[in-house]
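Shown below is the structure under consideration.
For clarity, chains are labelled A, B, C and D in written order, and residue numbers in each chain start from 1.
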Amino acid sequence: MKELNIGLIGYGFMGRAHSNAFRKVGNFFDLEYQPVLKAVCGRDVEKVKGFAAKWGYESFETDWRRLLAREDIDLVDIACPNDMHKEIAIAAAKAGKMILCEKPLSMNGPEGVKMVQAVEKAGVPNMVWYNYRRVPAVALAKQLIDEGRLGRIFHYRAKFLQDWTISEDLPQGGAGLWRLDVKVAGSGVTGDLLAHCIDTAIWLNGSFETVTAMTETFIKRRKHNLTGKVEKVGIDDACAFLARFQNGSLATFESTRYARGHKALNTFEINGEHASIAWDLHDLHRLQYFDHRDEGRVRGWRSIHVTDGDQPYMGKWWVPGLQIGYEHSFVHQVADFLEGVAKGKPASPTFRDALETQYVCDAVLKSARTHRWEKVARAIK
Amino acid sequence: MKELNIGLIGYGFMGRAHSNAFRKVGNFFDLEYQPVLKAVCGRDVEKVKGFAAKWGYESFETDWRRLLAREDIDLVDIACPNDMHKEIAIAAAKAGKMILCEKPLSMNGPEGVKMVQAVEKAGVPNMVWYNYRRVPAVALAKQLIDEGRLGRIFHYRAKFLQDWTISEDLPQGGAGLWRLDVKVAGSGVTGDLLAHCIDTAIWLNGSFETVTAMTETFIKRRKHNLTGKVEKVGIDDACAFLARFQNGSLATFESTRYARGHKALNTFEINGEHASIAWDLHDLHRLQYFDHRDEGRVRGWRSIHVTDGDQPYMGKWWVPGLQIGYEHSFVHQVADFLEGVAKGKPASPTFRDALETQYVCDAVLKSARTHRWEKVARAIK
Amino acid sequence: MKELNIGLIGYGFMGRAHSNAFRKVGNFFDLEYQPVLKAVCGRDVEKVKGFAAKWGYESFETDWRRLLAREDIDLVDIACPNDMHKEIAIAAAKAGKMILCEKPLSMNGPEGVKMVQAVEKAGVPNMVWYNYRRVPAVALAKQLIDEGRLGRIFHYRAKFLQDWTISEDLPQGGAGLWRLDVKVAGSGVTGDLLAHCIDTAIWLNGSFETVTAMTETFIKRRKHNLTGKVEKVGIDDACAFLARFQNGSLATFESTRYARGHKALNTFEINGEHASIAWDLHDLHRLQYFDHRDEGRVRGWRSIHVTDGDQPYMGKWWVPGLQIGYEHSFVHQVADFLEGVAKGKPASPTFRDALETQYVCDAVLKSARTHRWEKVARAIK
Amino acid sequence: MKELNIGLIGYGFMGRAHSNAFRKVGNFFDLEYQPVLKAVCGRDVEKVKGFAAKWGYESFETDWRRLLAREDIDLVDIACPNDMHKEIAIAAAKAGKMILCEKPLSMNGPEGVKMVQAVEKAGVPNMVWYNYRRVPAVALAKQLIDEGRLGRIFHYRAKFLQDWTISEDLPQGGAGLWRLDVKVAGSGVTGDLLAHCIDTAIWLNGSFETVTAMTETFIKRRKHNLTGKVEKVGIDDACAFLARFQNGSLATFESTRYARGHKALNTFEINGEHASIAWDLHDLHRLQYFDHRDEGRVRGWRSIHVTDGDQPYMGKWWVPGLQIGYEHSFVHQVADFLEGVAKGKPASPTFRDALETQYVCDAVLKSARTHRWEKVARAIK
């Protein structure tokens, strides 16, 4: 078994999710590579020290450039806010490190292009943490689609609904709230939530053709945690768009942080000629499946409890009937990445794959400004 | 089209449900016989007059013996409290009338035997209003079982849960509350609610062999509406029993009026070697079906939305997706009865069929007293 | 009790639904007016005769002008295809009849304007059969919104999904299939299905401001039943649009007949500052309600089983726990209409109310052509 | 932070679940004690070596007596089949080790008594792995009951349904199938599955008074993996029983491995005067709650998505909306145990607590033989 030394940048929510994945993957999967928690990097020395102790990192750094300079680091995992992804990723590529990057890849498409060029020039393994691809029920949906069970696709619809920013008293910016600060996040729900929906949609339904969108900022001004002043809110609180895919299907997408009663309701449904599939994150261990080829009298939506050994990833865990949760999607992604490294075959989504999502986000945000249908840019060569 | 003159006895909840069925059946089913609302009978002259006007009965009576004596009545429908079923039914049989009788057939098995003997001696068409057999989803369950799709049956479980008698202030007896008066009702939930579960179980799973039961009266004394005094409560508020069926399957049954949150949750589930079925009255237009022969990866409980033309009775109503409700089960039962009359082939459950349920209730109530397993009596010859 | 003589035009699906409502309403509601099934009108003499016999109409006509000329007709109920609504309604208004008209009101806004002007000039009671307003769960939603329980509204989303036209072999036009013939229907899912969603949305959420839409015709050519030739399909098979309401909320709407697994999935969800509400037609007797003011630890979506006497309309039917179905929404609408006539206060939606839906449909269809956001026309004076 | 050295006996399904819990607990909980994976013990040297490598145990043993003799072991975790619990536990107590023991505590009550006496005499911390008490939704149910929200309890019902032994070809005995071998397991579903239901019931609803039960062995003979011969099956394939609790409530319990469509459907429902609660393992992150004190019109079962920081244990994991799974119940149990050790206050269920479940199982199995109601033995002094 080969050791693969991890250097993690960022110790927030995602830093924990990634660390948990690195620590667990070897207990459940048989892999050639074993991640070793070599170092974690963060600006606050007390916090990064505490994090290292809690998670078993051997060392810590407070300057990411120092981390990249270390020869004992094989892989750099970027788990810090969006506005730092580009600079770190390009530097890490130059340093010849493997790179994992939190989603969204970048603040926008042009930034993403540079990142893709950097990793491809350096020839380093790279992947973006669009973790929902590795929820077993979602992976099962992918299998069914790839097997052609749905036939011609007519409709795709996706939503990501939350309700945590409805209070006017919630400030923006700083630790834990950088997602509300447009300078750090780049956008609001579009880059944070719809990016997940878009990545899943591309994976399941192929490329987008055109979009028309609307966005809204319901609460226009909030106190900024870093300046202490009430400032204009620059992010989109909500975004909805219509789309047409290259396969001829029609789609609707919607995301908001103002949908009372929904904490993290990430959903998709896809309707094909022969069958339909639906999923949602609030019951992530289930897949809804309707097959018109079932005998008429007993046809119905099947609630598939995805916990069996012949369903994606589930053979690695417990026994039928016993569900896994959110964090396992990260474990699966690490497993697939490490397997890809061993086989010399990259696991998706690579930076290049993730750039496509960035282009869709750019077209969506542009359409919200122009009030017109916008064409989604094609991938760079 | 032949007219069939109805004489209804009782104008309460069931009097309305039956009247609605008689009035509607001809609009939706193609039948040789058309019910005519000839007369309704009740003790309170003002109320019976008002009921006749509201439902379009041509006349009314205040003495059921006068109704039975009328030559223009072809069918007597007994929709009054349990303690009067026997006397009226036997007299109606002697008068040569067709008879429909509300469930339960009788206060107990011995009474039921006399009623069966009377109708069979008279040779008159007869049926008991165990209406849930005619809910389309339940009728579909019956089809699937009869087709052998479930294979060997291992388990049957049924419940009928309500919550309307939890308040200590609720009195017993009199109009609307005779179900709490043991002298009128015969028993509590056993005859009122479990009788439904038992009838469905016999229909779907065959005859019972043995039972062991417990009953409880949670509120021991209530004001009696007829005497004005606080009196001992004689009914069972709750009853649960274990059973073994002749087909070797094991069963559990439970009913109560003290299950907060359940208004009329009548449910059954049946587990066979190959497939399972579940249903409940709160979503009566759906059948849950699990078939182990489905391919493993996409196997799941199917939620069958029973509204299609190829599903029992549904071709008579609207279009797929549009549900019917509780009252339609009575319409279906009238349709089946009238079709049976036309063909000379009785529709189930006949008085004889319903007697079997009475025997099960008797064994259940006896077991609750003896604290032993009791054998269910076999049908009379 | 006063008799109100009904003259029905059309004996298809809606002719049955309306007739059932007229026949039943008096059995369950206490009303000053009692509908009398005086005459039904249709072009095929054998069919109209059969329909009259089945439903108990006293007479029949084969020319709607003759029906309108009859003095014994108080109310004309227009239940024939969309392309005839205008001419009949205007003539009926001139004849001084009360008018009920199937939805959508008209083929388009300009037609609708003339109809509104005609009934208002004549001063006759008028109503359009947007029946879903009278589903008890939907009426309960309306109460909750009117009581201000949701607070400021952020989002509205609605869908109406079907799957009955996926086969290429299905022809267009003629009896039962006129909804696929653009010349008769005016549009596809927009006028047929989205019109329902739009009417409900206006009722619950107020007026629309702007929309942007896309439509698609998946199967471009179908055999036409009347010509026998394969002809271009003129209707929209699917339509999705984004909208902004005058109250500042954002909305998404979608309808299609190509969503496998959904027979008639008419749904809406509305997210407010304090509470959210969701409903769907496949389980029409339930309302989903989330109230953020509930204590945090035990907060959750409530599945309200709308069958209690204190919930809209339900006191008229059975007992708690026993559900009603689709057809009852028509009974309720007749009851409200008759009550409105008695009180001299019209029940909604009047022709004028329904015109607003027509304007939204027009803007949606226009936007699908122009690929731009379109403003919804304001009501006529 | 103090290290606490773990010695695990058994490396099957439960060995993995416990190991995962020991490894993760420190990453998510702030504890005084940190488990150290010191040694794992199993009979097969290759397998135990592999397990040690995969999970990071520092050493291994093939004889449990040697493990107990090691001074560097603080805590012995018994995760081997039921027939070895007693001997190991008593020896471990004598050796002064803390003891965790897989459920059920023992083969029967008398064995359990000796184990309780041993640990109490030795004064060592001890706990039994009834892990479902630590599912957050179940812990929330416990809070609500303890706060008196349900009022007087009328009904308790529980089931644990599986379907994995329906095939006649499945053998009994040996690795992975010892649960079917009565000599090793002690009983079938009673000790394996109902023991879970009983433990939860005692925790939530207090002590049992009396029971009446039936058991069945559907497949009478199976090949035995250890002898290679077809032998009589000694376990109960299914068991159902009625019970009365000391608080006056009535209960039904059922378990089987012959319920098609249910993989591990562990459920309970409890009906009180004011409120009801229901839960099932297939959607373990949800609690169903009905409170009659909610306003009538909007009263309904609440589906509580237990993922918020103010709900039991959930503040330690991710963010609202993101669910955890089965394995987390073990992490929580270790956390509670370690906290108990630090505070000198034992976490439940101790061996003494678990003995009560054993007594219920004994009464159930006895009743199934005697066909009588049996009284549940009171705890030893």
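The working rule: contacts are C-beta pairs under 8 Å (C-beta built on N, C-alpha and C of every residue); 3 or more make two chains touch, one makes a residue touch a chain.
These numbers were taken from a predicted model, which means no experiment stands behind them.
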{"item": "Candidate from A-D, A-C or A-B with the same interface as C-D, over half of contact pairs in common", "value": "A-B"}
{"item": "Chain whose Cα centroid lies at the greatest distance from that of chain C", "value": "D"}
{"item": "Between chain B and chain A, distance of the C-alpha-averaged centres to the nearest whole Å", "value": "55"}
{"item": "Distance between chain centroids, defined by C-alpha means - chain B, chain D (Å)", "value": "42"}
{"item": "Separation of chain B from chain C, taking each centre as the mean of its C-alpha atoms, in whole Å", "value": "36"}
{"item": "Sites on chain D at which at least two other chains make contact", "value": "262, 301, 305, 308"}
{"item": "Chain A-facing residues of chain D, complex", "value": "13, 16-17, 19-20, 23-24, 26-27, 54-56, 162, 164, 262-265, 281-285, 305, 307-308, 317-328"}
{"item": "For the chain D and chain B complex, residues of the former touching the latter", "value": "154-155, 157, 161, 163, 166, 212-214, 216, 218, 238, 240-242, 244, 250, 252, 254, 256, 258-262, 271-276, 290, 292, 301, 371-373"}
{"item": "Chain A-touching residues of chain B, taken from the complex the two chains share", "value": "140, 143-144, 287, 289, 291, 294, 296-305, 308, 310-311"}
